[in-house]
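You will see two complexes here that share chain A, one where it goes with chain B and one where it goes with chain C.
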Partner chain A sequence: MRTLERSNPFASLVCIVCVTLTAALCQYPGMLIPALLGGAAFYSLLAGRSGKRTHILCALLVVVSALVNPIFSHNGVTVLFVLNDRPVTLEAVCVGLMNGMTLAAVIYYFGALTRIMTSDKLLYVFGKVSPKSALLISGALRFVPLLGAKSRRIEETQTALGLYRKGNMLSSAKNKLKVFSALTSWALENGIITADSMAARGYSDGRRTYFAPYPFRACDAVWIAVYTVSAAVLITFSALGTYGFTYYPQMVRTGGAYSAAFYALYAAICFLPAAVELKEAARWKYLISKT
Partner chain B sequence: MKRSLSFILACLLVFALGCGVFAADETADYLARSSGKADIKEYAASLGYGDEWSIFALARFDVSFESYERSIDENREKLISPVERERCALALAICGGNAEKIASIAEGAAGSQGIMSVIFGLHLCANGAELAGTGAEKLVNDLISMQLSDGGFALFGTVSDVDVSAMALQAMAEFYASETVRASAEKALAFLSSAQKPNGGFISFGNESSESISQVIIALSSLGIDCKADERFIKNGKTLFDALGAFKLSDGSFEHVAGGGVNRIATVQALCAAESYKILGKPFWVFEKEDPAEESSESTEEESDTESSIEEASEETSAPEGSSEETAEESVVSGAVSEQSESSKEEPSQEEISAGESAPEESAPEKTDGGKKIKLIILCALALLALGALCALIIMHKANVINICVIVCLFALLAAVILFVDIVSPIDYYGRAESKTDAAGTAYMSIRAFGIEDKDIILEKTAFEFEENATVYDMLVDAARIYSIPLDVSGTGAFVYVRAIERIYERAHGDLSGWVYTVNGVSANVGCGSYYLKDGDVVEWLYTTDGIDRTGTYENP
Partner chain C sequence: MIVLKNAKARTAIRFIVPLALFPAVAAASAIAGGRAYVAGASVCALLAVLVFLAGFEQKKIGSRRLIITTVFVALSVAGRFLPLFKPVTALTMIAGIYLGRESGFAAGAFSALISDFYFGFGPWTPFQMLTWGLIGYIAGVSGEKLKNSTPRQLAFGVISGLMFSALMDVWATLDFTGGFTAQTYFAALINSLPFTALYAVSNAVFILLMSRPFGEKLTRIKIKYGI
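And now, the complex of A and B:
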């Protein structure tokens, strides 16, 4: 099986959307834990060392969400303590934790998706349906790494000029603000220049054609089939209430027979991208060592 | 000859023990006097719907409850909640109501809503009532299955409660022949013994109340355990009666909490305890139709018997008098509590996932500083986090003065916030209200849900004292604390908004559903956080599903 990165862009998009959609719709501990772990594994394999910041962000997100939710939600049977006449409950903490985990899982999967879906792939997927919005999305996505690179350049320039003093948190926060201000004015200007430049090159004067070197192989069909069917099964069963989890007022898991199979199915589709990635990496290494 | 001997023995015992069993007749007289009745007989004859606990307490006196059956007939449509129906059926059985009527009132109630309905169902069985669809055996099994791992019982949740455990034991006493019941009762006794405080009392729902002690006395006496002799229930030489005596006032009445003033519910339950101790070894809740005097001379136990005989003897000589204003409209504490608990019990078939399985506060002696402990834990966690952050700084070679200052200031700010917010442990919070030093008046409040989510009367009309400038919301918080009603609110001060009471949420039953309140039958046009109470105000909280004020459908009791 080809990795998602080397599959047809349709296949990679459908797979990632299926996994994240299921995670967002079924917020059960049994599904979020594999989603988070599978997402983290997949993202780390794709991003390598550069994903460190995302890991820190996701960890913070989970912790903050678990701490903040009980301040606003007071539902739940197990009262941990009473803060200013408002009960702080274990259930609310767990709901916060689950919300944080959902967000973290989605961030990981979409982080992986942006690494897989380069702008040409994005244009291939959406170009036929809506070329303008496809271009817009691709342009917007391009802007994210561009901003990062530009901000680094501004920082370096200011350091070279002796304006930017690294050292303690207070001064670096102050300098970051300066950099941010320079960055926003550049971004606005750049947007206008980009638009002008595109108009000057004749954009929107006629139909655009795309060259897309993405054949649709049998294994792409397998990816799409496996993920759409699994997601449909999972979402249907949890919508019917066969398998589920209620947090308020008391944490109760529903679902008797085959619930292990239900959760195993989801764990399988969560870990599959990472597993295939790992397998291909191992194979590559093995082939090199042989010659 | 034997009687006079026992009388002398009893006198000796009473003197030897100092404050032993208080005189039950004094307490009974207090009840009669405070209701404006000449004596107990007249008082008993006036008892009606809502006075069930008084009937249980006076069942073994030589009185008849003439108006009760009629009162039940009149209020038949008000009997909705299962526990209330069972309680009324039991009271009716004492009053000699006919078996068919009793069966129809209690129909389908036993075991249908939580532990209290099981307990009262067992009481009904023990008194020979026929319960359709269930039986003593099934109910006993239900009760035992509700026992928690530490041996106690609870209305809901996993933290055992003294009151509920004692009431479960009272029901077990009626079916003590069974081996499994004995084993279960032993565990529950061990729990109660471990929960007893050094002064002989108990803490239930967060505070030390006389009702808990009364309930434990009834439970022990029903099981045939002499609480004055059994060393499991004597702490530092203090017996349960010593602890109960601390709540007694000079006129024979009892307080709910020490220094809290006369409380009718506490008084009635203390009378039940005294009555139960008189018939030590017999279940309190089995009301045989027999002459009380005959009963006392029948038993051959020396201690309890002798004491009861003097109490009985002095019963006739009591000098009743006087007038006192109405207090009868107050609801009975355990009644209210049991109604809250109903339907909070989850289906046993569903798998319960509870991380709070072994709550650390369980029967720990220093419950009262739980809030401080929680604060300490949070502060320790913060300190650890701060240390971790500092370590990270050192590892990343960024440990300069300003960085360290920033981290320290940040955590100091968080610590200050934690120190200044009010954190209370649930055990300290629920079951008691802040003591009111300068009460500005008394207002009444009731909470009704009109059958939403199987909950009807969440709080019967209950009197609350309030301080100067107290709002309706303050009173609601008081009620929520005292009767452990879960509350969910948003906003603060004058802009506070009640989202849920007893976990019934706004907009859970239609877009226009939610909690509204009326004062003296009139819908208020300001939020509950800015309506200031006046003396004698009657506040009703109602759950509406259509935005329509339904005050009219709820007659004031």
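And now, the complex of A and C:
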């Protein structure tokens, strides 16, 4: 099976949306723990060391959410202690924890998705339905690093000319604004030139077509089928109450004897992207000639 | 995108979707219970954004105007890296005034989307897109009134700072408490008061500093290239 990164962009998008949507709609501990772990694993495999900030953000979110929820919510029967005549309950803390975990899982999966969906893939997926928005997104994604580089050059030039002194906060803010102003003038002119060169090459003369080296393979169909069917099954049976979990007033597992099967199914679709990624990485490693 | 021929129907749908969908989701999730509300609200915000963007797709704007909008988005995102200074609202307002309401909405919404490429996506992204997009849209609607009046622009900046805070607090309330009651919403509003003040003041400062030079630059570009 190909990794999500090398699959058809539609397949990557559908899989990630299915996993996160299920996590957001069925917030049971048995669902969120695999979602969080699977998301973190998948994200770490794709981002490597550059993902450190995301890990810190997610950890903070979980902790803050667990601390904040008991302040607003006093439901629950297991009182931990009393603060300002208001009870702080175990249930409220756990609900906060679960909210934080859902959020962290969503951040991880979408973080992975942004690593996978490069701007050419974005154009491929959204170009047909909304050509202008797709062009705007991919254009802006290109302009941001360009503007960053240009603003550094402007700053260096101004420093060399002796116009840019790093002093107290006020004067450095003033200088920054001056650089920003010069940057804007350049960016607008440059934008017009870009637009003219686009027009010269025939933009807006007809429907834009995209070169897309993303054939729809059998394994893309498998990815999409597995994820949509699993998500549909999980959400439907959760809504019917076949499996579930209630937090208030007391934390109880609800649902019948088959609950474990649903949790296992969800865990499988959570860990599958990371597992395939690992498998491919291992394959690469062992295919390299050792002689 | 689906295109409606009738202009009045389009405008009606644009306002019905956010105004009717949110209460509908609220009612549905009140019956279904708890956390489904958060996901539902995010989906609603996303739908509202899509409805507005359909207007942008459908509007005939030249490649130059499109690229200028793109440049505005890129500048807003680049501006979000500046410490303490967040010029997104000011830039969105200027884009709305000079480029029109559709481009204003696109500039605001995509600034939020693209900066989340760098700062991290989450269920709050549709809310941010909708809020900043609406700021651009409203600036575009009242463009002529705002164009040559600094006090009006300042008032707009302050109000949009308040609006941004009020709308994002809806999201914060939903996320932290898993439901929505007037009591928790007011608590969130009061809690975020320092940030609200900061938004309002920094918007005003940025508008004061940038509005005139930006206006001059855009006017110059318009005259030079005849847009």
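Side notes on the structure shown:
We take it that the second predicted complex is superposed on the first by the 217 of 291 C-alpha atoms of A that agree within 3 Å, B and C clash if a C-alpha of one lies under 4 Å from a C-alpha of the other, contacts with A are read in each partner's own complex, and residues count from 1 in each chain.
Here is the rule we go by: a residue touches a chain if its C-beta (ideal position, glycine included) is under 8 Å from a C-beta of that chain, and two chains touch if they have at least 3 such contacts.
Every value quoted in this text rests on a predicted model; they were computed, and no experiment measured them.
Once chain A of one complex is fitted onto chain A of the other, the partner contacts of A:L170 are limited to chain B, with no touch recorded for chain C.
Counting the residues of chain A touched by each of chain B and chain C gives the higher count for C.
Contacts of A:F110 after superposition on the shared chain: chain C is touched, whereas chain B is not. In the superposition on chain A, contact is made by A:V77 with chain B only, not with chain C.
Of the two partner chains, chain C is the only one that A:A195 touches; chain B does not reach it.
Of the two partner chains placed by the overlay, only chain C lies in contact with A:N69; chain B stays clear of it. Once chain A of one complex is fitted onto chain A of the other, the partner contacts of A:R86 are limited to chain B, with no touch recorded for chain C.
Judged by the touch definition given at the top, the superposed model places A:Q250 against chain B, while chain C stays out of reach. In the superposition on chain A, chain A positions 72-73 are in contact with chain B in one complex as well as with chain C in the other.
Residues of chain A that touch chain B in their complex: 72-75, 77-87, 90, 94, 167-171, 248-254.
Contact residues on chain B toward chain A in their complex (touch as defined above): 156-158, 344, 346, 350-356, 370-371, 374, 398, 400-403, 406, 421-426, 429-430, 477, 486-490, 500, 503, 505. The part of chain A that touches chain C in the complex is made up of residues 21, 24-25, 27, 54, 57, 65, 68-69, 72-73, 95-96, 99, 102-103, 106-107, 110-111, 113-114, 129-133, 135-137, 139-141, 143-144, 146-148, 151, 173, 176-177, 180-181, 183-185, 187-192, 194-196, 198-199, 203-204, 239.
Per the touch definition, chain C reaches chain A in the complex via residues 1, 32, 35-36, 38-39, 42, 53, 56-57, 61-64, 66-71, 73-75, 77-79, 81-82, 85, 87, 106, 110, 113-114, 117-118, 120-123, 175-178, 184, 187, 209, 213-214, 217-218, 221, 225.
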